[in-house]
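Below, each structure is written out as structure tokens.
Each of the next two complexes has chain A plus one more chain, namely chain B in the first and chain C in the second.
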Partner chain A sequence: MSAGHHHQLYRAGDTPVHRLPPQCKLVAVAAFAVAVVATPRERFWAFGVYALLLAAVAVAARVPAGFILRRMVIEVPFVLFAVAIPIIGTGERAEVLGMSLSVPGMWAAWNILAKASLGVVASILLAATTEPRMMLLGAERLRLPRLLVQIAAFMLRYMDVILDQMRRMRIARESRAFVARDIRQAPVLARSAGALFIRSYERGERVHLAMLSRGYAGEMPAIRDLSASGRDWGMAVILPCLAAATAVLAWSIA
Partner chain B sequence: MHVPDGFFNLPVSVGAGAVAVTGVGVCLRGARRELDDRTAPMAGLVAAFIFAVQMLNFPVAAGTSGHLLGGALAAILVGPYTAVLCVSVVLLVQGFFFADGGLTALGINITLMAIVTTIVGWAVFRLITRSVPGGRAAIVAASFVAALVSVPASALAFTLLFWIGGTAPIDIASVAAAMGGVHVLIGIGEGLITALTVSSVLAVRPDLVYGARGLARRLVLRTAEGAEVPVTEVPATEAPEPTATPSAGRLRPLFIGGGLVAILLAGVVSFYASSSPDGLEKVAADKGLNAHEQDHGLSDAPLADYGVKGIDDERLSVGLAGVAGVGITVLAGGAVFYTVRRRQRHKAAV
Partner chain C sequence: MTGPRMTGADSPPSLTVSRLAYAYPDGTQALFGVDLTIRRGERVALLGPNGAGKTTLVMHLNGILTAGHGTVEVAGLPVRKDTLLEIRRRVGLVFQDPDDQLFMPTVRDDVAFGPANLGLRGDELDRRVCDALTRVGMLDAIDRPPHHLSFGQRRRVAVATVLAMEPEILVLDEPSSNLDPASRRELADILKSLDVTVLMVTHDLPYALELCERSLILSGGVIAADGATHSLLADAGLLAAHRLELPYGFAVPALQE
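Right, the complex of A and B next:
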């Protein structure tokens, strides 16, 4: 289920997409996703246009197709579900390749597959071209509550430390010939989780004290000014504007 | 399992988004009461812990393995408000940095996996620990039941949302049965691991378990003769009510803006989005809507089928229904949070 959270998606680069201020990119991707979800599923061409738009962005950002395809693995559980819908779905049936499939089920499967894939690719492009720290600063500029941004910042900063601790505990378990075969091994794993929680919590307390001793008073100092110019916004809204135009066209052309 | 884009129709996604924004907003203020100025680093580290522990696969039965959702565990260890924040941040990070879970489905994911699991888990936990005063064993048992119940509850909430605005034509009863059955099994695993984890933390650092604060013995001062001296206790964790006005001021534009966007989307976009019959309606239409099947008990309700009765223009009617739907969802969510907060405040005052 949780396949491949181990590596962050960011790819360093210096393209127009990388250089855009993060708040512009966040707004653009969110608006694009809304336009895609709002499109009626019968308009195949509209989804083709969306895919072309994303491909253009990927080319501009120099993100290789193989990278995107590998990252799309995250979708697999829902692809499996989408494949199952026509088989278990209700309604009118049609013969396809010798199997009796539900027609509305096939529409639903196509709907989920197309929209989910476009959404995933857009998210991958966003994450691949935006440094995690910058994304948080962008979110803060979009008036996301500051506390929430700080929590996310701490999580990102210490995630690798905690994951490394977990990995070391796993190596320690396995070097003592531990294999999780069935439910009887659960107590060992739970004790690991408990120990990990105590370590994380105590690290949090130490981090807080260290911050206080360096003058933390509830807010992180802003080191970089991240204001976006009109030109930046103009660049960023190209994608959602084209997507919105496609969505409107898809609705009006019957 | 993170819901991707396109799984639910737009009005439901927007409504769930409004619930998620309200819930997270309430929890931001509640977490300051639980953690005061330590909120950012502590919640951040606990979120990293939840993220890590979700990767800890444990074997369920015969070759299959599951992983922890962690909502109930977080609520018992660090308190419900902080727990909602932590799981929400985990979901946000997974959505934006790992492309896991659709961006338009973020509200649904937060509502289902952060808010429902935590609230249900915490409510069950409090119910049991309050009615069975049995010390450590009661807390471990309550953790088991709380985590066990929280998983199917989340699955049922998913089924409910799917009933309102799912895009796949599957018989809702079979969805409920399949989701419920599978998630009771997952819930047993979740409950077991949660209970064992809580018990192992209780054994080492009982002071770190939020749900076990009642277990700490009261401070007693004795004179040299052994007579007890009443202690005027100043609880260290009870920080003076944080000056919430600035944060409320900062949050207000977010709420107002979010509300406006929700209403706009629901009203303007939804009549485009749902004027073609979605899966369930189409199935119902194909089957000719026999009297004894498919149509649910609320079909005579004023908002049934995303339309307002008595308004002929279909688009206008669906748009109005969208706006009303968002309003009702927000009101329902708001009412729940308001009651929870009133309770909390009442308890603090006593």
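Right, the complex of A and C next:
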């Protein structure tokens, strides 16, 4: 969907990164992630190189650092988990800032943190430069099962409708002096969730009827031609190629 | 492509329903033998109280429900399993809730969905999309997501999605529901400007009077009355017998002829 207020992940723009066909960007991000994950955790410099590569993409796409940092909040649960590992980990222990921490645990935490952060930043850049709708078209070009792509497309279209319904149900509850204070109110919320599920299910049936009425026969028609030129692919593979070279180097340098 | 707007004295009626009966799988009988004929170019209102079987009848017109007994023909073509795609091209169904009808990410994609299913591509597809949106006055919104439009705009786009398929007959389910008076009048102007057969399912009697010369009353699963909208609405006894009522303060205007 275009740069509406609903999809804050996407930043409208017209940079070379924005213009790349979505399927190229999807492949590039996936290949980049594989290269990062395949790198041995002891090679700190390699992760530095990856971070620099992503920074270069961010500059090319004119995505400000603050935007990326704010979106990285999604990573917090993993960070908490990573922080816990050295504390609860077993094996050889070392004193750090007056705390006894597990050495293998620290390596594991670093491994998770570094690789997850690089993956998250790469995905944020992908989302910031690709409209959700285009992302789905790209996924379809990459021969992802059409049914899955269609399900995702409907989720995208109806998320706002369902959220709006949820909001109206909440207002209706609260208008009748309902306050969710503790566990005793849970049955009411559970029934609301059930009602929402049934309404969404019924809407699904009506949407299906509307689709049948317009000649739907199991396949979404490909309305737009989204072919990528050799040049597009050439541009898109720069990032994963450099990352792969770094990973190979990290393995070969002892 | 067979143009729906070609007119000829010998062309078959847009819609012929004969002795149509239907019972839901749970045994509830909804239709008890419906007979009706709509000639090409007519605008007809299908009136009836809630639960009269209006929606069930509409679902038969493009083969979503198949007749338990009786037949439905659209421009001479019977509704059967093997004719479904052509039937769905010929019958443009506009649903009551535009959010059910507009399921694609942008207005352009949504209007293109029907004609693309019919195999249109490229310039011809673009022309159909722009043409349909122009006819409902929504060309400006072509690249917007449907959920950013107002309710009245969404309903107009919903009409465009079926106009793009160049249907033989346009079937509207409660077209005036939930519209504010201005949107209601705008939609009426659009419907009047269209050169296509219209069947309008509604219990908004003034709207039926404004748009349709002829009305049918569906009540208890049969066509209980068929005639000029003006004379049906003037018959208070008939309306009362079928749970239909004119809004408070409304009087059927005298015929200007």
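The working rule: the second predicted complex is superposed on the first by the 244 of 254 C-alpha atoms of A that agree within 3 Å, B and C clash if a C-alpha of one lies under 4 Å from a C-alpha of the other, contacts with A are read in each partner's own complex, and residues count from 1 in each chain.
What we mean here is this: a residue touches a chain if its C-beta (ideal position, glycine included) is under 8 Å from a C-beta of that chain, and two chains touch if they have at least 3 such contacts.
None of these values were measured; they are calculated from a predicted model.
Asker: Mind working out whether A:Phe67 is in touch with chain B, chain C, both or neither, as first, second, both or neither?
Answerer: Touch status of A:Phe67: no partner.
Asker: Under the stated touch criterion, which partner chain does A:Phe178 make contact with: chain B (first), chain C (second), both, or neither?
Answerer: Touch status of A:Phe178: no partner.
Asker: Quick one: classify A:Arg133 as touching chain B (first), chain C (second), both or neither.
Answerer: Second partner only, chain C.
Asker: Could you let me know whether more residues of chain A are touched by chain B or by chain C?
Answerer: In the superposed model, B touches more residues of chain A.
Asker: Looking at A:Ile112, would you say it contacts chain B, chain C, both, or neither? Reply first, second, both or neither.
Answerer: In the superposed model, A:Ile112 contacts chain B only, not chain C.
Asker: Check whether A:Met211 is in contact with chain B, with chain C, with both or with neither, and answer first, second, both or neither.
Answerer: Both chain B and chain C are touched by A:Met211.
Asker: Return first, second, both or neither, reflecting whether A:Pro221 touches chain B, chain C, both chains, or no partner chain.
Answerer: Second partner only, chain C.
Asker: Just checking: does A:Trp233 make contact with chain B only, chain C only, both, or neither of them? Give me first, second, both or neither.
Answerer: A:Trp233: touches no partner chain.
Asker: Residues on chain A in contact with chain B in one complex and with chain C in the other?
Answerer: In the superposed arrangement, which is not itself an observed complex, chain A uses residues 1-2, 153-154, 156-158, 161, 203, 207, 211 for both chain B and chain C.
Asker: Quick one: in the complex, what on chain A touches chain C?
Answerer: By the definition above, chain A touches chain C via 1-2, 4, 133, 153-154, 156-158, 160-161, 203, 206-207, 209-217, 220-223.
Asker: With touch defined as at the start, can you tell me which chain B residues reach chain A in the complex?
Answerer: Touching chain A: residues 1, 4-7, 10, 13, 24-25, 28, 31-32, 37-49, 51-61, 65-68, 77-78, 85-86, 88-90, 92-100, 102-104, 167-171, 174, 189, 192-193, 195-201, 204-205, 208, 247, 250-251, 253-254, 257, 265, 269, 272-273, 276, 279, 282-283, 286-287 of chain B.
Asker: Can you tell me which positions in chain A touch chain B when the two form their complex?
Answerer: Listed in rising order, the residues of chain A that touch chain B are 1-2, 5, 8-9, 26, 29-30, 33-34, 36-38, 40, 42, 71, 74-75, 77-78, 85, 88-92, 102, 104-105, 107-109, 111-112, 114-116, 118-120, 122-124, 126-127, 132, 135, 143-148, 150-159, 161-163, 165-166, 180-183, 185-187, 189-198, 200-201, 203-205, 207-208, 211, 218, 247, 251.
Asker: Going by the contact rule at the top, pick out the chain C residues touching chain A in the complex.
Answerer: 59, 62, 64, 85, 88-89, 91-93, 95, 97, 99-101, 103-106, 109, 112-114, 116-118, 125, 143-148, 161-162, 165
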